[in-house]
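To start, the structure itself, in structure tokens.
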Amino acid sequence: MTALANERVAFFNGQIVPESQVVIPFRDSGFMSGDAGFDTTRTFNQRIFKLDEHLARFMRTLRYLRIEPHMDLATMKAITIDVFERNRHLLGPHEDFWVSQRWSRGGDKWAGDKGTTPTMIIECSPLPYASRAALFRDGIDVTVPSIRRTPPDSMSPRAKTHNYLNLILADQEVKARDPNGWAVLLDHNGNLTEGLGSNFFIVSNGALVTPKANFVLPGISRETVIDLARAEGIEIVEADIDLFDAYNADEAFLTSTSLCICPVRRVNGAAVAEQRIPGPVTQKLIDAYARLVDCDFVAQYLHHLPG
Amino acid sequence: MTALANERVAFFNGQIVPESQVVIPFRDSGFMSGDAGFDTTRTFNQRIFKLDEHLARFMRTLRYLRIEPHMDLATMKAITIDVFERNRHLLGPHEDFWVSQRWSRGGDKWAGDKGTTPTMIIECSPLPYASRAALFRDGIDVTVPSIRRTPPDSMSPRAKTHNYLNLILADQEVKARDPNGWAVLLDHNGNLTEGLGSNFFIVSNGALVTPKANFVLPGISRETVIDLARAEGIEIVEADIDLFDAYNADEAFLTSTSLCICPVRRVNGAAVAEQRIPGPVTQKLIDAYARLVDCDFVAQYLHHLPG
Amino acid sequence: MTALANERVAFFNGQIVPESQVVIPFRDSGFMSGDAGFDTTRTFNQRIFKLDEHLARFMRTLRYLRIEPHMDLATMKAITIDVFERNRHLLGPHEDFWVSQRWSRGGDKWAGDKGTTPTMIIECSPLPYASRAALFRDGIDVTVPSIRRTPPDSMSPRAKTHNYLNLILADQEVKARDPNGWAVLLDHNGNLTEGLGSNFFIVSNGALVTPKANFVLPGISRETVIDLARAEGIEIVEADIDLFDAYNADEAFLTSTSLCICPVRRVNGAAVAEQRIPGPVTQKLIDAYARLVDCDFVAQYLHHLPG
Amino acid sequence: MTALANERVAFFNGQIVPESQVVIPFRDSGFMSGDAGFDTTRTFNQRIFKLDEHLARFMRTLRYLRIEPHMDLATMKAITIDVFERNRHLLGPHEDFWVSQRWSRGGDKWAGDKGTTPTMIIECSPLPYASRAALFRDGIDVTVPSIRRTPPDSMSPRAKTHNYLNLILADQEVKARDPNGWAVLLDHNGNLTEGLGSNFFIVSNGALVTPKANFVLPGISRETVIDLARAEGIEIVEADIDLFDAYNADEAFLTSTSLCICPVRRVNGAAVAEQRIPGPVTQKLIDAYARLVDCDFVAQYLHHLPG
Amino acid sequence: MTALANERVAFFNGQIVPESQVVIPFRDSGFMSGDAGFDTTRTFNQRIFKLDEHLARFMRTLRYLRIEPHMDLATMKAITIDVFERNRHLLGPHEDFWVSQRWSRGGDKWAGDKGTTPTMIIECSPLPYASRAALFRDGIDVTVPSIRRTPPDSMSPRAKTHNYLNLILADQEVKARDPNGWAVLLDHNGNLTEGLGSNFFIVSNGALVTPKANFVLPGISRETVIDLARAEGIEIVEADIDLFDAYNADEAFLTSTSLCICPVRRVNGAAVAEQRIPGPVTQKLIDAYARLVDCDFVAQYLHHLPG
Amino acid sequence: MTALANERVAFFNGQIVPESQVVIPFRDSGFMSGDAGFDTTRTFNQRIFKLDEHLARFMRTLRYLRIEPHMDLATMKAITIDVFERNRHLLGPHEDFWVSQRWSRGGDKWAGDKGTTPTMIIECSPLPYASRAALFRDGIDVTVPSIRRTPPDSMSPRAKTHNYLNLILADQEVKARDPNGWAVLLDHNGNLTEGLGSNFFIVSNGALVTPKANFVLPGISRETVIDLARAEGIEIVEADIDLFDAYNADEAFLTSTSLCICPVRRVNGAAVAEQRIPGPVTQKLIDAYARLVDCDFVAQYLHHLPG
């Protein structure tokens, strides 16, 4: 098989192939039912970040979905590194990759086929610098949609699966009114949870507050920020956060694998108290994060701002 | 392109191709997020059943998902009939097809690609006679899992999408204890909703009762049974049904596109009052259904019982 | 006491006075706690509409709040008519009034003063033609905020009180993103309820559907539309309406005392199916409403469009 | 302008005026919608208590309501002190004042007037010694009404607004059966929250327990008691408290700006375990509170018992 | 075995014995867990009322509890009549009996004993005329406690079991404040359900309204009143009733096996609109009920008023 | 009175009698309504375990139920010890007793009899070694039923009462599919609570996690395990546990008075990660528990395995 010039390669069911050959039979339950788990880390300066933590979380997702991995952790790690190394030459100087594992159950459920072997993909993709650069310059406008995060007794928000419609519907609500808005959803108790692949933090009287891990995916970036805050001597509280807290935040930011830390400018149109974007506590954490990963990710994003 | 001998063909993004060529790029949001809508009817004696009603419902699903169909209804209908006709010769004498439309949003959401054109599939597949035949002989053992049906303000249960994990997790709970069990879920108010692709009915004092359409997909088969019941002079009530009702049912059955009407034997291990499977009201409705579709679907299933 | 030239007069605690003299001691519980009930009808061609029905509803609100009216219905009606007649000369040719009764409990609750006599106001005010005219030309953009309508076991949404913050907060969420947006809230079950002083209707397959009266104020205009629909032979259903229904509506409109019937253009940014604003069923009801009140209220609004 | 002899004065929209001149135009949204925020501290021995903390909380309420204060904190503080000083001579030897800021949004919402300037009031009022004195002698009879505290996703219980009907309705339920009863409401999860302007504490096995701040206004008196308990070496826990806990309390008390700490005698008619009112832990905290504010507030109240 | 003079007899596990010999081994799961079902009818003028309907409902309760009756319906009916006839001579001229079946699962669950045979009791007891007579003279004071009716997905309120603590706790809350109060509980949606063994009705604009049967035991007396209302041409609606409805009722009453129909005077201390007790619609239904059962049950109760 | 040879004796309303004479009049509200509280400890090597803690908890249950104990704690303790000593000779060498207090309200509620004196029972019973021995050998198969634990605002799960139908219905659901299954219920928020008389623990990354005490009976064995874990240096967290946590547990176990600690093998059919039963942390806690009570309770159970 031949790849296009500059085409990325991926691991697909046992082989390294050009990405254009990673195609899913439409009867695969990953396509038919979003019946798949995944996890995504990124590189910083072309080094993979916290791969072990991400793979451990990936295993928890698969376990929740009862998808047998059919591969041990060491192999998964080795292939992930291999896939990255094979694509590395495609990165420009100010660029890094997302690196993901995706395992669908495989098989055709409707035909009574239980899927004895999962469909396995390990792949890289370029971070969306251009479309997100302005967020680092201006801050994110968080909007809370009317849709509530799927409750844990319907499907755990802590499993990272290919069933993303709850978050996509939320995003559509928000984007229909503000194409640059970022949806962060409430749970059925009225507490803020998370946005599409992102965790929410506020700074209140010098302390950092973030929703408890019950209704949100416990992000690795979230974990990283909590650790950094402790090291910096910033008080950190995991607590219920409702709109009253959000509207009274001194600062706010989102974390995600790709964003690391990105400041929030407004929540439902109300500006956070601190006028500087990012505010001082956010800035301190951004600096600490950049030191940790040895990569000025903010500069990296801003570098892609349209001329 | 050439198909394998006896391979089915399908419509895929504008062309009729062998099914093995209907493969989805892994970055398609239909695979990445289960971000797709579908609808499924079946044939009876090789005639497509209520295609217009199914296509109308498909349009409602797409509208809810904000996926532009990029095809008008008449074309969709014509292609559906064409796909069926091209595969018809593959059916055996006691066999019929499921016939489905599947539209994913397409594009790669994570890359900021909005998916200007949906990925479009129209396809047939054989009904799972063998794996379900015993259900018609013995009745279905319905089990209510601990998981609750996704609530309407997280994602509408009335849209028919590729996000099936809520129902798959429910099914796993049930199948782990009884491989022949069939999950029917409660909503967060404690009322029975639906099972994987199926609606639930009970017979109580001669009247037919089925959950209101709020928390369930309003099945075309469900609608058909309601119409038949009216024609047969059987009282029909759309009402909340809880476990008390279910345990006190005289008879119970499931409806779905493939099953049409299939009797229920037990709910959470408690046998329905009527010992005969199917009970007299269920039998009356099965007979009326068979007359309507001019196909003895029960015999069709039982024909596939292992010798 | 003397009124300004062209100043409206109002009934205030037993006397007819210029509006500028209708001032509330700040310790009145109506100011301190929003502890007041009200009702509002309007005139059409300078005739008061359904005053008896509005006064009956006002009595139900006072009863719920345990505010003794200290006035009988006949007197209340006579004063209402009197207040209107005294202000009538201030109306221009294309203008009508809102006409309201407002009773606060009076007294200073915090001082242990139970308020033996309510503070009583009966007043007129000009309809907001200019600010709403564009809604009749373009249709309303309904947005569903993240805030839920106050549940009945916290405070009944069916009492018309001076505690409006739930709806004001909802309105702020929506207006922050779209100054012309109109908030319609979900209840805690995920069903649409009402907007600020307005009821929501959709047209679906030729039938009219509106939320049941449990979580919404049973508007007199809503009642009027239901009666008109029956007279016109349009099927009318009171039912739970969720976002799936709203996104699939053929037409939609809001009713309120001032708007009567005003077409909806979009719900959460998604256009209703019918492109014409108003759609044919909405138009039919508008026409019937105009005949009933003998006033072309749409023309009245459009007349105030900025030149 | 002239005040009545012995009439208190207040700050009203920029001026110091006699209270009888602090009157609100009835179209002000503070009257029409309870659309206002406030905060209240008190004096002890004629010194204002924790004014900074109260003003900071007032700012959070205004921020939640999106009412621009149009005044900086230092000015607000100075005016508050000034208003108090101007009224101080009206206090008797055993008397103190409530001191409040009240900001309504102003304007006439219904007329589309957004209220560019808030209506601003800073005022004093005498504490209700006579009506509450018996509570200090006998203990409070807490009754839990059927009504639930407004949930945070309808309106935050942590904002101190003029929308008090939820608490007034609760109070009416309780007072209709026991004129001396004091309503403390459950939230929708079945946990005790707060009463009209008051926080609830129990003593259980020597530890102090009070509801978490999620569903309750985080009272300054509550905060003060928590600090005092820590200083006294009393364990203090913020936790969910349900009726089981309340019925098994060794002691219980309410805190509020005016009451400081007032012992509870019964909850829903069931006497707390400790027969002495106040119990030993409550007494210890009362003593510490009195030392902190240098005022024997219990004696102050008891002094007003009817002869 | 010998009975005391004038001692009632009962059926107990196969034998007719004096009531004093109907004693339950303490390890019986009926005592240890309230693990029993029952049903109760009454006599009118010493004729058993709607025994078949009550036995049918009893069977539904047993079925829900999975207690095998070990007796057919005809035998149960015959024994019930026999027990009544044997005790009939103990009734005074203005007296009637409650007549009940009670089946506990038997066995000692904790010892792993599944209870192969139920403990069976059929018994009579005198109606509590004296303690309830005043309710017919004055009307019932309904109070809504803070406790919510057990939700259907915890235990169906439609099964009549020996697990009465939810209703007893509600009753204690109410009786602690008003010994003559009668608890009627809300469900978790804020709708009124039922009181201890009694259904709630209101009269509103001439129509009769009663809660839907979802959250309440569908009383036979409730059913009887619905039938009588239809026969009398009174509109009858099964609908959600919240406090707003209850406070605005023109009339209200409770039904139960023993009370038949008993007027309500107040709900949470608020008097129903109609001052006469009973109001005209209630009186009409009482008269119709008395004709149906050929017994002036109101006179029967009033006859037992203390001198 | 004479006991059968080898018959146990019990305390019953003031006297020590053979168990066969501990019989409850069927009109006792303990039988009629499950209107009773109880508590149960056990012996280890024929010494009563933590009797004071159990009696204190018993008092809390009675207080919640408003049942006056009519006996002081010291007497209750003395009688409990006396009853145990009188039955001790009936224990075999590898056997111990459950020791319980049971107080029903007494009286006949329906007759208006308030039950001035409770029915009092103190009794012993042999532990169910044989029926539970296999659980210690194989591990418990936990299944989560569809039924939810009764919510605290319907009846507190923290009171130990004779109203066990919620848990019995849950058990029936589970046992109907797997006679060896053990029901552990979710609460209405989707968090795991408890099983019939048992608390649930998981081991996750070396830490012990168990549900917070809000929705569960705070077991004495649970408390004991928490203390032992602390002493052993095992981190212990009281937190919400949902199905995601449970499916990802490294180890899991149940605690109860009789089981002490019993390992869990599967949750909803999914095996815990650690293949050894019990896993290393569970084993460590079992060992510590056995040392504390000076009794190898696991050996005791296994000794009763069928040959």
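Going in written order, the chains are labelled A, B, C, D, E and F, and every chain counts its residues from 1.
Methods note: a contact is a pair of C-beta atoms (placed from the backbone, for glycine too) under 8 Å apart; a residue touches a chain by one contact, two chains touch by 3 or more.
Since this is a predicted model, take the numbers as computed values, not measurements.
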Common touching chains of subunit C and subunit B: A, E
D-E against A-D, pair bridged by the larger set of C-beta contacts: D-E
Distance between chain centroids, defined by C-alpha means - subunit C, subunit F (Å): 58
Between subunit F and subunit E, distance of the C-alpha-averaged centres to the nearest whole Å: 34
Inter-chain centre distance, subunit D versus subunit F - centres from mean C-alpha coordinates, in Å: 44
Per-residue multi-chain contacts in subunit D, two or more chains: 66, 146-148, 151, 153, 172, 186, 188-190, 243, 270
Chain contact graph, described as a line, ring, star, complete graph or other shape: other
Chain pairs that touch, as defined at the top of this document: A-B, A-C, A-D, A-F, B-C, B-E, B-F, C-D, C-E, D-E, D-F, E-F
Contacting residues of subunit F [partner subunit B, same complex]: 143-148, 172-173, 176-178, 181, 186, 188, 190, 243, 268-270
Contacting residues of subunit E [partner subunit B, same complex]: 60, 63-64, 66, 151-153, 156, 158-159, 189, 214
Contact footprint of subunit E on subunit B as seen in their complex: 186, 189-191, 240, 242-244, 247-248, 270, 273
Parts of subunit F lying in touch with subunit E, wherever the complex brings them together: 10, 19-20, 22-28, 30-36, 65-66, 98, 102, 104, 109-112, 121, 123, 125-126, 128, 130-131, 146-151, 153-155, 161-166, 168-169, 172, 188
